[in-house]
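To start, the structure under review is shown below, and the notes come after it.
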Amino acid sequence: MSIHYFANPARFTRLAGRIQPWAGGLTAVLLLIGLYMALVEAPADYQQGDTVRIMFVHVPAAWMAMFCYTFLAVASAVALIWRHPLADLAAKASAPIGASFTFLALVTGSIWGKPMWGTWWVWDARLTSVLILFFLYLGYMALWEAIEDGQKAGKAAAVLALVGAVNVPIIKFSVDWWNTLHQPASVLRMDGPAIHSSMLWPLLIMALAFKAYFVTLLLARMRMELNLRRIRAMRLAERTS
Amino acid sequence: MGNMEQFLSMGGYAGFIWPAFGIVLIVMAFLWIASMRSWRKSEQALASLRQHRRQRGDIEE
Amino acid sequence: MNIFLAIITRDLLLAVRQGGATFLALVFFLLTVTLFPLGIGPEPAILARVAPGVLWVAALLAAMLSLDRLFQADFEDGSLEQLTLSGLPISLIVLAKIITHWLTTGLPLLLAAPVLAILLNMDNEGFAALLLTMLIGTPALSLIGAIGAALTLTVRRGGVLLSLLVLPLYIPVLIFGVSGIDAAVHGLNAKPHLLLLAALTVAAIPLCPWAAAAAVKLSLE
Amino acid sequence: MNIFLAIITRDLLLAVRQGGATFLALVFFLLTVTLFPLGIGPEPAILARVAPGVLWVAALLAAMLSLDRLFQADFEDGSLEQLTLSGLPISLIVLAKIITHWLTTGLPLLLAAPVLAILLNMDNEGFAALLLTMLIGTPALSLIGAIGAALTLTVRRGGVLLSLLVLPLYIPVLIFGVSGIDAAVHGLNAKPHLLLLAALTVAAIPLCPWAAAAAVKLSLE
Amino acid sequence: MFQGRDIACERGERRIFTGLNFTVAPGQALVLQGPNGCGKTSLIRIAATLLKAADGALTWNGIDVAENPEGHRANLHYIGHQDAVKGALSVRENIAMWARIRATTDDQTEAAMAAFDIAHLADTPTQYLSAGQHRRTALARLVASPAKLWLLDEPTVSLDQAGTACLQQAIAAHRAKNGMVMAATHIELGLDDAQILQLQPQLMTL
Amino acid sequence: MFQGRDIACERGERRIFTGLNFTVAPGQALVLQGPNGCGKTSLIRIAATLLKAADGALTWNGIDVAENPEGHRANLHYIGHQDAVKGALSVRENIAMWARIRATTDDQTEAAMAAFDIAHLADTPTQYLSAGQHRRTALARLVASPAKLWLLDEPTVSLDQAGTACLQQAIAAHRAKNGMVMAATHIELGLDDAQILQLQPQLMTL
């Protein structure tokens, strides 16, 4: 199967049409189970009390934030190197999803931080690098918005995504380095208690629900972008001929 | 009833836990609805445009 | 009046179409504020101490950077001379543009400031004063900035020259803005500072559009 | 090689002719640093504490603001497409422009930094480290910035978008720069920080011109 | 009736011309000709009050324009080298916007697009237009909102023959309604019985 | 010999033209004509490798240009809508600068200024020039450094008759030295026995 096997938009649309309802249904089911387990079944932590429940949305959201950027960067590389016509769209479609998850990781983390650390925000290495990741997403989406011509915008955004991808580990590393120098090691201890299986299950199920959500939205947004691209070409041709 | 109240109070942390879960669900629902709606709209627009062209007898793509 | 509103609507439409200018000035504000903890370290006490200053300096810079949009694009593509030919006095055209600038820059900054204040660990007592000083002070930034933007119109890549002209003029706004917040944080009376700031803004309303109009007229020659 | 040098000479000549770009980037640096004591108050201990951070943040902003000059003027008047028709590979043209940018921005900042450090009451131990980190770090600012400048070429009034793209990429430079100075101030070994900063710059030399060239090519289409 | 008496122009501390007189009567067209650098653009910009004359006076029906420059400006359309067309807006939006800013009560945007044969581009963002299409969008302003005096600086630049014909028709219709036209050009505009004002290079130092 | 075979062009996701063939032999001139928006500018930019053709190939003496685009670029002069003239530099500095950037060994700046009759403006900063003088400065690049192929997009815009005559002479001299010319224009350029390539509007969807 060649790399261009799915390049045929019609084939992609057919395949997406088949997968999307299943992914959507799976999202709903997993989310319901996950929420029930997280809010009702899972025991309160002996140290953190009920606040530990925030973990069941916070941690999967944080995972998805990083996963989406990886996906975006790989799709961009495929778009630039092999000029795969769907890769552009995949990258573009995944950005708002990733940005939303990053935003959620930040907000749920903050909400968790208030009872645990007594403050909404500290400039800890991990927090800071997530915040910067959020900016990278915003920049990526703003660049797509700012350039009118779809093909040009795609290539420019892909260049940015790759440069950003090189930078993410550097940021992570540099922020760690920076933080160890300044931060009095008092408040922050993320290694926390080892995870029980009573907590592991809801966490895993929520994580799976988020993945399914990602797949569903990715497919829908890619199909939308594909349609818009066709519509634009048809409209432009109609007007000018 | 007391059980329900106890559940809702979340061991005194209701003010943190419910907003946290709430915002997650709101943001996810919002993005879901927005994505699905714009996808459906694009399908409709494309379909009507195609039909319009077929009526005029243009060659398709 | 009709023309005045037509110009404002046009500018808002353009702001929305051209890559969400609103959104971007905001993001610059956010980014600059984020750079500071990275530069000066994460200690909450120090951050809280410098928070009002950092917020106001960042707001100053964000407002200033968005100034080059004020007339430049219209100047370069000939729209500005067409606007002056609309029959409206130039000072009113300038005022219309200043209002759009505030709506797309000052207002978003004002709304974002409290969130950033939380990130910088600012004292709770300062929040009301922060909002008030921003509400009174940011119009002055747009008004004063218009003069600089008009003066640097014919200068190629005038961005840096603009900052040289405008930042010194912004200093009173910075000082009264910060001291208003500081007073509130320390439990003192913030009112005199706020009144001074308001006096500044009120004085700028008639003066700045007039001065900027003179500069615009010059650069069209 | 001849063409490469011709481009650098040309850009330096233009920088000198067009209202002394050199002088102005410097002035922005100076002004921003001056705003801080006004914003956060004159206490020497606090100023000394935040000095390395403020200096580096201001340098970042000054470098970033001068980026929009990098390609934009040449793009708008058609010079950029003429340059690409000179027969030199585009990545080398980009490199020539990066070198000019550093000579007109990074170098003056480097020279001015010690003076401003004195104004901010920075500890004497930090001066050597300040100069060294600036010497190693500012080329990275020009290199990385070129990518952002190239990407926003076709964007009308791309200045603020530029900052959104470039500032996150600048953060490692900021962090290693500041921590190098801080280490020196606290009597620790600054060498690892300097080495990391150097690694960053060296890695950027081949990568950035290549990425920026790809972006330039796009915007000329 | 629009008149200039004894107009002198200075640019960059040099006199470009002095003692220039012209008259445009209703229904009349005045064509400015002359070699590159003789001051055609400068004269048109003086007539639009975008440039100050170093000497002399402009009058509108005998009244000095300087007494009410805003009123004079509202009376004229100026088309210069720059198109004042926004790439982010569509052709229709661009034209309608200028009509609104000129406080037009009877908006002729559609007629204007038809007059310059760009109705089929109405919804296209102008950044996608070719040079000639862009120019036509700028010219359509003339028709979209009425003004008694048209000041045109090399209006046919980038236009093909069909575009030039559109412009000629628009000018003819304008003159038929007693409009006035002042145009600088290097090529034959093909206007009926237009007066010609030949400018001579007469650079002098002050 | 410069040839294009089967060239197709896409802009903004639309086909502008397809299957276009042209040949320019040494000493030959090819004039592109056609209504606004038919793709003249696009074709010239493709020939300059500033725009990528959606299909087809350019060859230089039979060798595909894509094999050595830098070499091809060094062989040509392109004059577009934009003058690439810096307002802060004088006329002479502008022309000499481009000659240097094109690695010219035998700098003809003075001859170039004479050829376009702007020698008297040599030390004037170009921001003070009129539209036609500005254009002449841009055109002077053609003469200041040699290149085998000239690509000219509406080169006579803003030129008066004398300026157009200068350009005609320059083209004639270039062709006499076996140079090649490809020009897009709406007006008669008055070139001896030029081939004419008439472009038709033929927009299609993909």
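A, B, C, D, E and F label the chains in the order they appear, each numbered from 1.
Here is the rule we use: a contact is a pair of C-beta atoms (placed from the backbone, for glycine too) under 8 Å apart; a residue touches a chain by one contact, two chains touch by 3 or more.
Remember, it's a predicted structure, so these values are computed and weren't measured experimentally.
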Seminar exercise, completed: Across the interface between the identical copies chain E and chain F, with over half of residue numbers shared counting as same and under half as different, the residues used are same
Problem set entry | Longest centre-to-centre distance from chain C, chain (CA-based) | F
For this session: Using the touch rule from the top, point out the two chains with the most contacting C-beta pairs.
Result: C-D
Problem set entry | Cα-centroid distance, chain B relative to chain F, in whole angstrom | 54
Problem set entry | Mean-CA-position distance for chain E and chain A (Å) | 55
Problem set entry | For chain A paired with chain B, centre-to-centre distance based on mean C-alpha positions, whole Å | 16
Exercise. Which residue numbers or ranges of chain B touch two or more of the other chains?
Worked result: 61
Exercise. Which residues of chain F are in contact with two or more other chains?
Worked result: 12, 37, 81, 88, 205-206
Problem set entry | Sites on chain D at which at least two other chains make contact | 18, 76, 155-156, 161, 164, 167-168, 171, 175, 178, 182, 221
Exercise. How about chain D: which of its residues touch chain F in the complex?
Worked result: 2-3, 6-7, 9-10, 13-14, 17-18, 76-79, 81-89, 220-221
Problem set entry | List of chain E residues in touch with chain C within their complex | 48, 50-52, 70-71, 73-74, 76-78, 80-86, 88-89, 93, 97-98, 100-103
Exercise. What part of chain A is in contact with chain D in the complex they form?
Worked result: 132, 135-136, 138-139, 142-143, 146-147, 152, 155-156, 159-160, 162-164, 166-167, 170-171, 173-175, 177-178, 181-182
Exercise. What does chain D use to touch chain C in their complex?
Worked result: 18-19, 21, 24-25, 27-28, 31-32, 35-36, 38-41, 46, 49-50, 52-54, 56-57, 60-61, 65-66, 68-69, 72-73, 76, 155-157, 159-161, 163-164, 167-168, 171, 174-175, 178, 182
Seminar exercise, completed: In the complex, chain C touches chain A at residues 18-20, 23-24, 27, 30-31, 34, 37-38, 41-44, 47, 118-119, 121
